[in-house]
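Worksheet for the structure shown next.
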Amino acid sequence: MVHIGIIGALGYTGKEIIHYLTRHRMVKIVRLWDKAVKDSGESLDAIFPEFKNILDIKVEHFHKKDLENIDVVFLSLPHTVSMGIASEISDNVKLIIDLSADYRFKDSNVYEKWYQTAHKDKDNLKKSVYGLPEIARDKIKGSKFIANPGCYPTSMILGLYPLAESGLLKDAQVIVDSKTGSSGAGRKASLGLIFSEINENLKPYKINQHQHMPEVTAFFKEEFKLNFDLSFVPQIIPISRGIISMIYVIFKDKNRKDFRKIYEDCYQKEPFIRLCKKGEVPELKNVANSNFCDLGYLDYVNDNTFLIISAIDNLGKGAASQAVQNMNIALGFDEREALL
Amino acid sequence: MVHIGIIGALGYTGKEIIHYLTRHRMVKIVRLWDKAVKDSGESLDAIFPEFKNILDIKVEHFHKKDLENIDVVFLSLPHTVSMGIASEISDNVKLIIDLSADYRFKDSNVYEKWYQTAHKDKDNLKKSVYGLPEIARDKIKGSKFIANPGCYPTSMILGLYPLAESGLLKDAQVIVDSKTGSSGAGRKASLGLIFSEINENLKPYKINQHQHMPEVTAFFKEEFKLNFDLSFVPQIIPISRGIISMIYVIFKDKNRKDFRKIYEDCYQKEPFIRLCKKGEVPELKNVANSNFCDLGYLDYVNDNTFLIISAIDNLGKGAASQAVQNMNIALGFDEREALL
Amino acid sequence: MVHIGIIGALGYTGKEIIHYLTRHRMVKIVRLWDKAVKDSGESLDAIFPEFKNILDIKVEHFHKKDLENIDVVFLSLPHTVSMGIASEISDNVKLIIDLSADYRFKDSNVYEKWYQTAHKDKDNLKKSVYGLPEIARDKIKGSKFIANPGCYPTSMILGLYPLAESGLLKDAQVIVDSKTGSSGAGRKASLGLIFSEINENLKPYKINQHQHMPEVTAFFKEEFKLNFDLSFVPQIIPISRGIISMIYVIFKDKNRKDFRKIYEDCYQKEPFIRLCKKGEVPELKNVANSNFCDLGYLDYVNDNTFLIISAIDNLGKGAASQAVQNMNIALGFDEREALL
Amino acid sequence: MVHIGIIGALGYTGKEIIHYLTRHRMVKIVRLWDKAVKDSGESLDAIFPEFKNILDIKVEHFHKKDLENIDVVFLSLPHTVSMGIASEISDNVKLIIDLSADYRFKDSNVYEKWYQTAHKDKDNLKKSVYGLPEIARDKIKGSKFIANPGCYPTSMILGLYPLAESGLLKDAQVIVDSKTGSSGAGRKASLGLIFSEINENLKPYKINQHQHMPEVTAFFKEEFKLNFDLSFVPQIIPISRGIISMIYVIFKDKNRKDFRKIYEDCYQKEPFIRLCKKGEVPELKNVANSNFCDLGYLDYVNDNTFLIISAIDNLGKGAASQAVQNMNIALGFDEREALL
């Protein structure tokens, strides 16, 4: 049994990691940590009664000595906080999977610009792998430090990757119109998140100013030396979970080509990427509570604009289940363990 | 034109009062006050864009001198805060309508026990009228100080009043199973109110410990010297607005009588009480955004238990529109003005 | 008093027209017709209890002789059905406002292609005015036959009109990513519309195949001899009412110009068009239950792409309240009567 | 591997059974049948894309010869239809688990009265076990025919059973105020179920006329020769899944006793019954997508009225997962297999 600890267990993402791991046959959650509990710790099911009869464990404040018995640590923490802890514990465990943004930018300047803070752990940054299994599976295998991608970026990168890999994104203009559920904003008291504000509403926010935007451009720059023109329009809709991105790729060239085959070739062996049938579209409900990314439409909406619709569960493939998938790959387990 | 000021304009109730009053032909909102704005004030539509092109006014901090030009003040404030202000301004205006709990209990001991604070304005308390128009219309006429009832109590008292008035509640046991939308908790950042916590959930809370419970018993004691056995089970459901109370009245006597006629007689001339047809039940959607209280079922569910289902909009008849109805009566306007 | 009749009163749009008209001081609803009631008719509040104590009227089957006393007829019917009736009654009343698509296309060929049916009333088609008040106010004044625009087209045309009028849409590419509430699909039993299918979901549908798309292009062709490249991606989200359209206008030219002033000039006197402040965006909740169209962002998202976000209530400005606004103008009433 | 077939696979319950069984390590779904597909059959993921990459199987019309290879059949069919098929196939398979009401009433007269149809398969009725594992585990072991309980009855019976077993329900009056999500009404086109009717609404229905009411009374009569006075007030709220029942037990006796221990003793070894801590209450979100029944409050709300709050997922413990739990017990598997 591989022993797991989760730091930041009481957010929506932490809770979701616990859910997936309780179904995992080769690992065991042995430690949960979170600052929000009182000094003496609190039992998990006192905070989240849904875990009663499923997992009997205490949530405690983190102390480094607790790591003795731990193989893998999931960090489900705000940015900055994450690198503060990761830098201290990376020698003590076999694998760290960090769900914050702290290790997602190989170029720390981009990180520092968008997150307005200095990077404090460039050693681990160098070692870390950007954990998108469909793209970086080989690097993830045996890795010791995985930066789990952001939710929006997962939906966007998986939608754009086949075009990028085929050299088609060069000179293209990309507009992404994304809609997310409210859990993406985290489990925190905030006036903008209360039910009466979200219900019967759609709210665009942080247009072209969302910190997940440079994560996408940095990825393609790093991977393909590719610069392309990206506009990003995120919106919050009244659902608990899910992200669906309408990705409009506007080519200079008006000769419509059938890119469908490119997608089929690229993803045909992927267990968690599903292409919709020709003429069909993804719907959020199909990916809820799952690790799937559904890609669809995959056709032109006019002479020069190709539309990819990409749907994921923001807490699943956009966070927790992708983290588990990364762990499975890193440790040599069946990639699908606990995820179907 | 009657000049109106609202203190505490930026909560859900304050906003709702503004909505109703902008449709009123005999009054004019001339002042809005709220602590939440900056010192220099902010325009209403910068905070609530829904009012743009409807009402062009600033929201400011309250100063007593602003009352010069004001006839009626609505207080939409937390308890305690309300009596602090009301006590200072009651001589300066013609009518105060207070939407807090501060003036709802003629017996200040009950108030002090449930709200855990001393009552600081017993003078106005003595003068104030509990503003349920269907029951206290005559007292409201010409009144200078109206205590607007709570949302749950409005749904319960209107449901029980015809029985009480007929002497039937004596010795009866009453169980009220109430469901409310989340706006009832106010416009405030609170973890328990965020969308992901409320959506796809039903949460019972404060069973027999809700401060609206003594408001009901105190009312019937005051009005009829009536003590009856009340149990109250409030629940929050994923809707923005509305309260529906299932009121089970359990009689000692098993001789079922037709109480329908009692309800018809009691409410036949009421513009805002609607009795469902025989065999029919109220639904929340029918009272949304309205001042109506729909009462239905009005039949036995067994040999000794009579069920009244009472539905209101918690922000309408349960707060803002009832306040406007009270103002209409107090000032001698058509009671329905701005409310249909 | 102007006497009103509504044919097709029991759909969501019919119901909404009733709501607005009950607040109108110069008109009176005297007849409601709908096929769905039994032969002897049914009282409105038996079907929609929300109208009890508001409007006491029967809903009956339509017979032409009922028009004797009627000045204005609203047709809230499916396409084809509408022109069948309109052609028979247009001589009998002073004003017809048709909410179907039957009279929206001056070029009946476009209608016939998209609606797959022959046009049966070209006489009235010729006389009819496309009722977008902000654009066709002068034609609406005194008109006898108004084709009320579709919901999506209202949001799109109002968003694009200032650019079109300024000659800027020529050669531009337009992508519209629209999200609608489920009431837009009508009040009908359909598996795709049931709560469990819509809730916690977002579903794209009829991409580039929606019948509201040619309504937009036909309008601009008719009005400005303008052909432009339009892609339309409609989506259904779990809300009851509202449409928000992200309108991306992609220019060939990369010299960003400040179009904000164009919008301000175009709409400055409009009572129901509201421009968001610089840097702000519309939200659906601000236009719910209203006749407003909120336009915002109004800025570039990259060097050559201008984004307009346009929000309306699909049942309000997208249908019923716009129909009332049209009536107000046609009959010479204050345009805002019953709409604020 | 035990081979499974599901008849009526395309309803919400059928779909849910598939979900649970794809996680089961000792069984394999080999046949899915449903009348709704075309004659040549359709692949499951063409109808429910959520199963793509999870289960590759066709859904076909049922023919008896298909049973050759099948060990266990789940019947997820409307009442009447179920007994029509069960009577024909019961000799051909090892175990039938019927999710309709057809085999839930040992006394067929009660069934015939409430379901208004003659019982056509009294042989199997005699053999069948009412599959509430917590109560009938011993009978379920080795059984060949299991009648899976209704959703509301599961929530009610599990809440009342400890009192009944202790002889305390005799002479008690019981009022059940239940709220359900809309999936309980099935996956069917119905005007009352569409989003715009359910959203922002609460609708009571079939008060004391719901067919699940006699299921509860018949159970206690059969099991304990117990007759008690039951009133049942079901309500639909805007959530997809979940049932929460407020069960008010009104005793003649006013000597409050601590019944908590009775519940603890009764359910202490049950893997899927969870008692809330003293003073705590169940919430629907804690049982969503699970086989748990959470029981809470378990205290008096006045001198003679004991309140049990019982929460389940109507599609889980109220249908599909309970069916799987029954199968696990009948076949001697670990009862929790596929259910945690």
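All chains are identified by letter, namely A, B, C and D, in their written order; residue positions are counted from 1 within each chain.
By definition in this document, contacts are C-beta pairs under 8 Å (C-beta built on N, C-alpha and C of every residue); 3 or more make two chains touch, one makes a residue touch a chain.
Here the structure is a predicted model, which means the values were calculated and not measured.
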Chain whose average C-alpha position is farthest from chain B's own: A
Chain pair showing more contacts of the two, A-C and B-C: A-C
Centre-of-Cα separation between chain B and chain A, whole angstrom: 46
Intercentroid distance (Cα basis), chain C paired with chain A, Å: 40
Centroid distance [mean C-alpha coordinates] between chain C and chain B, Å: 36
Residues within chain A bordering two or more other chains: 181, 197, 199-200, 238-241, 282-283, 285, 288
Chain C-touching residues of chain A, taken from the complex the two chains share: 173, 175, 177, 179, 181, 197, 199-205, 207-208, 229-231, 233, 235, 237-242, 244, 246, 248, 250, 281-285, 288, 297, 301-305, 307, 309
Interface residues, chain D side, partner chain C - complex: 12, 181-183, 187-191, 193-200, 238-241
Chain B residues touching chain C - in the complex, by the definition given at the top: 22-23, 46, 48-50, 52-54, 200, 271-272, 274, 276-277, 280, 282-283, 285-290, 292, 294, 340
